[in-house]
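Quick one: the structure is below, and I'll ask about it shortly.
Here the chain labels run A, B, C and D in written order, and each chain numbers its own residues starting at 1.
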Amino acid sequence: MCRWAAWRGAPLFLEDILVKPAHSLIAQSNGAKHTVNQTHGDGFGVAWYGERPEPGLYRDVLPAWSDRNLKSLAGQIRSPLFLAHVRASTHGATARENCHPFVNGRWSFMHNGHVAEFSRLERRLESHLSNMLYQRREGATDSELLFLLAVQMGLSRDPAGALSAVVALVAEEAAVIGVATTIRLTCAFSDGRTLFGVRYASEGEAPSLFVGESVDGITLASEPFEQPGCEWRPVPPMSFVTADERGTAIRRFDPLAQRFAMTA
Amino acid sequence: MCRWAAWRGAPLFLEDILVKPAHSLIAQSNGAKHTVNQTHGDGFGVAWYGERPEPGLYRDVLPAWSDRNLKSLAGQIRSPLFLAHVRASTHGATARENCHPFVNGRWSFMHNGHVAEFSRLERRLESHLSNMLYQRREGATDSELLFLLAVQMGLSRDPAGALSAVVALVAEEAAVIGVATTIRLTCAFSDGRTLFGVRYASEGEAPSLFVGESVDGITLASEPFEQPGCEWRPVPPMSFVTADERGTAIRRFDPLAQRFAMTA
Amino acid sequence: MCRWAAWRGAPLFLEDILVKPAHSLIAQSNGAKHTVNQTHGDGFGVAWYGERPEPGLYRDVLPAWSDRNLKSLAGQIRSPLFLAHVRASTHGATARENCHPFVNGRWSFMHNGHVAEFSRLERRLESHLSNMLYQRREGATDSELLFLLAVQMGLSRDPAGALSAVVALVAEEAAVIGVATTIRLTCAFSDGRTLFGVRYASEGEAPSLFVGESVDGITLASEPFEQPGCEWRPVPPMSFVTADERGTAIRRFDPLAQRFAMTA
Amino acid sequence: MCRWAAWRGAPLFLEDILVKPAHSLIAQSNGAKHTVNQTHGDGFGVAWYGERPEPGLYRDVLPAWSDRNLKSLAGQIRSPLFLAHVRASTHGATARENCHPFVNGRWSFMHNGHVAEFSRLERRLESHLSNMLYQRREGATDSELLFLLAVQMGLSRDPAGALSAVVALVAEEAAVIGVATTIRLTCAFSDGRTLFGVRYASEGEAPSLFVGESVDGITLASEPFEQPGCEWRPVPPMSFVTADERGTAIRRFDPLAQRFAMTA
C-alpha cells in the first residue's frame, strides 16, 4: 500500500505538502497511520505542472525521507498542480521505472491499491494496448498498465468513462480465464488543468482517500496532514472526484454495478 | 555496442579478467578499441557459477570503472565459469533490469549487438513467449527478449538450434510485417558447465569476438586483453563456439542460409 | 539505531543469517523489535572473509529488503566469518561511504549506537588520527571515526585496550571543552580470525546485544532470530565479547570506571 | 578534468545549455574536445537560483547522459542564473557528496582542475576552517575544501580577494611541509546575483575557460557550444571574471605573483 498526495490551486512549493506539514507525505513515508504497512521506502516520485503542457517528473529509488535532491527540489519548485507518491511495492522491483507517478503526454497518474492475480492477467490486459502505448510501458507494475489502458480507452475525452472501462476490462478478462480478482484502485490523475481522483474496490475495503479544501485550493491524499485552513473529509468508497476551479465534485463510481445493471 | 568477457576453466578471481589485465574489461569500459563507441558507462553486470547450480548475479547502473562494490567482489569471488558485461545502451533506460547478463534458472546470457527496428518487432516477438517466460521479462532490452525466446525454443536441449530458431523467428516476423531488420548477435551464454558463444550478423559486419586459450582455460571476449600464456585469435563471423573441458569447437552458424537451403 | 548480525564458525551462506531465518536481519530491516525505530532503510552492508586476509565489502544505499544484488550475493557467498548491518541513520547522509561495516586492512567494524554531541567533538577526535588514517576516512559518521581511532590506538595488538582507549578519549575530549556527551557503543569487529563484540553505554541503557551459540559457531546480533540449534542469551551491558575457536568469552568492559579507579 | 557551464541573464530553461545545443554540456559529458579525457561519467550536478536566496541543488552519480530526471528537470526549470557540472573524478569516490556544484548559504561553486599532492595538504588546509565550516564539509574532494576555505576567507565580502587568499594559503602550506604542489583552478561561483569565474594555474597550462556573450546574457563554460547569437572568446589564463547586469569584466588574477611582489 502506497501513500500519495496531490494539489490543485494557488501555486504551492512542493515542500508545503511533502516536507513541512506535521504528518507530511515524507513523514508518512516513515510512519503512515491509515494502513497496515507503515513504511514506504521503495522509491518515490513527483509530477508537477509548470510552464509547459507536459509535467516535470522526478522519481528515484531511495526512500523519500533520505533523498536530499527531493528536499532541495521541493523547496524550489512551486506549482499549481502536482502529484507526489511514496511507494511500498507490491508488483515490480525497486526501480525508477516502477515508481509513480507515470506520465504520458500531458497526463500524469499515481495509484494506491492493486489488482489481485495480476501476474495471470497482465498479458491479456497488455494486449489491449496499441502498439504505441505498448512501447511506452517502461516498468512492470499493474499501476502503469492501468494508466496506459485508461489512455487507450479515452482518458483525454472522458476520464471517468475511461477509468470505468479499465475496471470493466480487468473484470472481464478475469472472468474469461476464470481468475477471481479484486481491483483496489485509489488513484489521482491529471491533464494539467483538472485534478481527478478515484476511491474504489471491486470488493472489500477501498484504500483510504481524503479531500482537503481551503481557500487556496484542493488537496487529495491517502491520509490527512496538517495544513492551515484546510478542511479534511473522507471520500466515500466508490467515488470519482473532480477538482477544478469551481471546487470539488464527487460522484458515484461503480463500474461493475453499472455493467451488471446494463446487462440485466 | 557493449563489451563483454567470459571465462571457463580453472577457478579464477573475477578481477583477473575485470580489473588486473592491461586492457581489462573495466579498462575497456572507459576506452574500448574494437568499436566506434569507446565509452561503456551505462551499467554493468557479472554472473558467476559457484557452489549452486544457479549463477550469482551482480548488476548495477554506475559505470563499471567507478563501482567500488564491483572491485571488492571481483577480488573475493573466484569461479570456474563467469560472464561479465559493460553496457553502452541502445534499447532501454539505464536500469539494473536492463543490464546484462540475464539469468533464467541455470542459464546466463549476455549480448553485444542489436536488432534493427526492434520497437516494431518487440511485441510480435514477445507473443512467442510462454506465460511463464513472459512474466520473467523484467527489462526493456532486445537482448533479454532474445534470451527468453532462446529458452522458449529449447536452449537447454539444443543451444545452437535454439539460437538459430530465434534468429529465424526474428527474420520471419520482420518479413510478415514488411520491416527490413538486421540482426547483430555476438553473445555468450552458459548453463554452468559449458560456455557458448555466437558471432553473427544477418548482414554487414558482425560485432567482434575473440577466443583466448591457455592451459588454464578458455576466454571469450569482445576484444583481447593481456592474459599470461593466452593465445588470442579472432572468431570468424557466422560462428557458434562451444567451450568445455575438451577445449574450443567452432562451427558455422548461419540460420537464415540454412533456412533458405532447407526451403529450397 | 541500527541492527546488525555477525557470524564466526563453520562456513555459512550469508543468506542463512540475512535472508532465510524468521526475523532475519533483512526482516529486521523492515520490522525490528528491540528498538523504538522499526525501520532500517538507510542503506546496508556486509563484510566477509574468504580466501584473502582482507575482507570483501558490499555496501549500498537502498533498503536491504529491496536490493536484489544483496539477495543473490547472500545465496552465493559462503564464509566462516562475516559482519552484516542495516542502517537507520543518525549522523551522515544516506551514502555508501556512511554504510557499515567499515574496513581497514584486515579489520572490519560495525556499530549500533552513537556519540551524543558528536558534531562538537568530531574535529578534536579526528585530530588524534595519523595522517594516513585521516586520509582513510571516507564518510561522515561517528562510527567510522571510532573505528579509525581504535586502529590508531592499537586495535591489532590489544582489541579491548584499544576500544577502552577510544571511549576514554571521547570522554576526555568532551570534558576538555565542557560538553556533556554519552557514548553508546554496541559494536562488532574482526581481524578475520576472531570475532569481537562490545555492549556499552557511558550512561543509560546500552543498545541490545545477544550471543547465540550452536555446534556450528557463534552469532552476535542486535536481536535474536530463528536459527536451528542455537541458544540465544543477552549479553549484559558493559561487556567485551571474544568469539574464537574456543568459544565465547565475556568480560567486563567499563573504560571510564577503570579510568577513574586508576586515577583514584 | 571536468566540464562545466554557467549562465547569467534572462531566465533560460536549463535544457537550453545542458541538452539542446550542439555540443551541449550533456553532449560534452560523452565527448569533450578541449581536454584529454573525453568521458565525464562520474556524476553531475546543477545549482540554480529561483524564488529564494539559496539555490536549488540536484546532484547524482549516474552519467549525465543517462539520467532521465535531469532531462525532465532541465525542461521544466527556468532560471536567470545557474551552474551545471559533469564530473571526471580525480579525488574522491563517485558519490553525490563529491559532485559539483557545492552550496553554502547563498553561494554555489564548481570547479575544473585540481591541487597536486592534495592528500598531503588536505589536513593542513582543513585546519583553517572554522568549526562550523568544518561540519559543512560533506565529501572528500579538493574542490569542496577550496570552496569552504574561500567562504572562510571572506567570499561574500571580496570574492577575488578570497580566492586569492585560498591560492596563497595552499602555496604556503605546501611550502611549510616542502611539498611541490601545482594549483589548477578553473571555477565558477555565484551568490545568486553576480556570476564569477576564475582561470588559473600556478604553473603550466590553466584548464580552458570561455565566455560567451549575447543580448540575453553571459555564459561561462569549459568549452563553447552552439548558442544562437552568442559570441564566444577564450578567457586568458590568470583571469578573474565578473559577470553582472553591466556585462563581463575580466581582470588579472595571479595571487602568487602578488604575494611575491608584496614580500619583495
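Descriptive notes on the structure:
As a working rule, contacts are C-beta pairs under 8 Å (C-beta built on N, C-alpha and C of every residue); 3 or more make two chains touch, one makes a residue touch a chain.
Just so it is clear, the structure is predicted and the values come from calculations on it, not from any experiment.
Between the contact lists of chain C and chain D, the overlap consists of A, B. In this entry, chain A maps onto chain C through a rotation of 180 degrees when their C-alpha atoms are superposed, rounded to the nearest 5.
Of the chain pairs listed in A-C, A-D or C-D, the one whose interface repeats that of B-D (more than half of its contact pairs identical by residue number) is A-C. Set against one another, A-B and B-C show the most C-beta pairs in contact at B-C. For the pair chain B and chain C, the distance between C-alpha centroids works out to 41 Å. Counting partner chains per residue, chain C has residues 68, 93, 96 touching two or more of them. Contact residues on chain D toward chain B in their complex (touch as defined above): 30, 38-39, 41-42, 61-63, 65-68, 89, 93-94. By the touch criterion given at the top, residues 48, 50-52, 54, 56-60, 68-69, 72-73, 75-78, 96 of chain B touch chain C in their complex.
Of all residues in chain C, those touching chain D in their complex are 93, 95-97, 119-120, 122-123, 131, 134-135, 138, 140.
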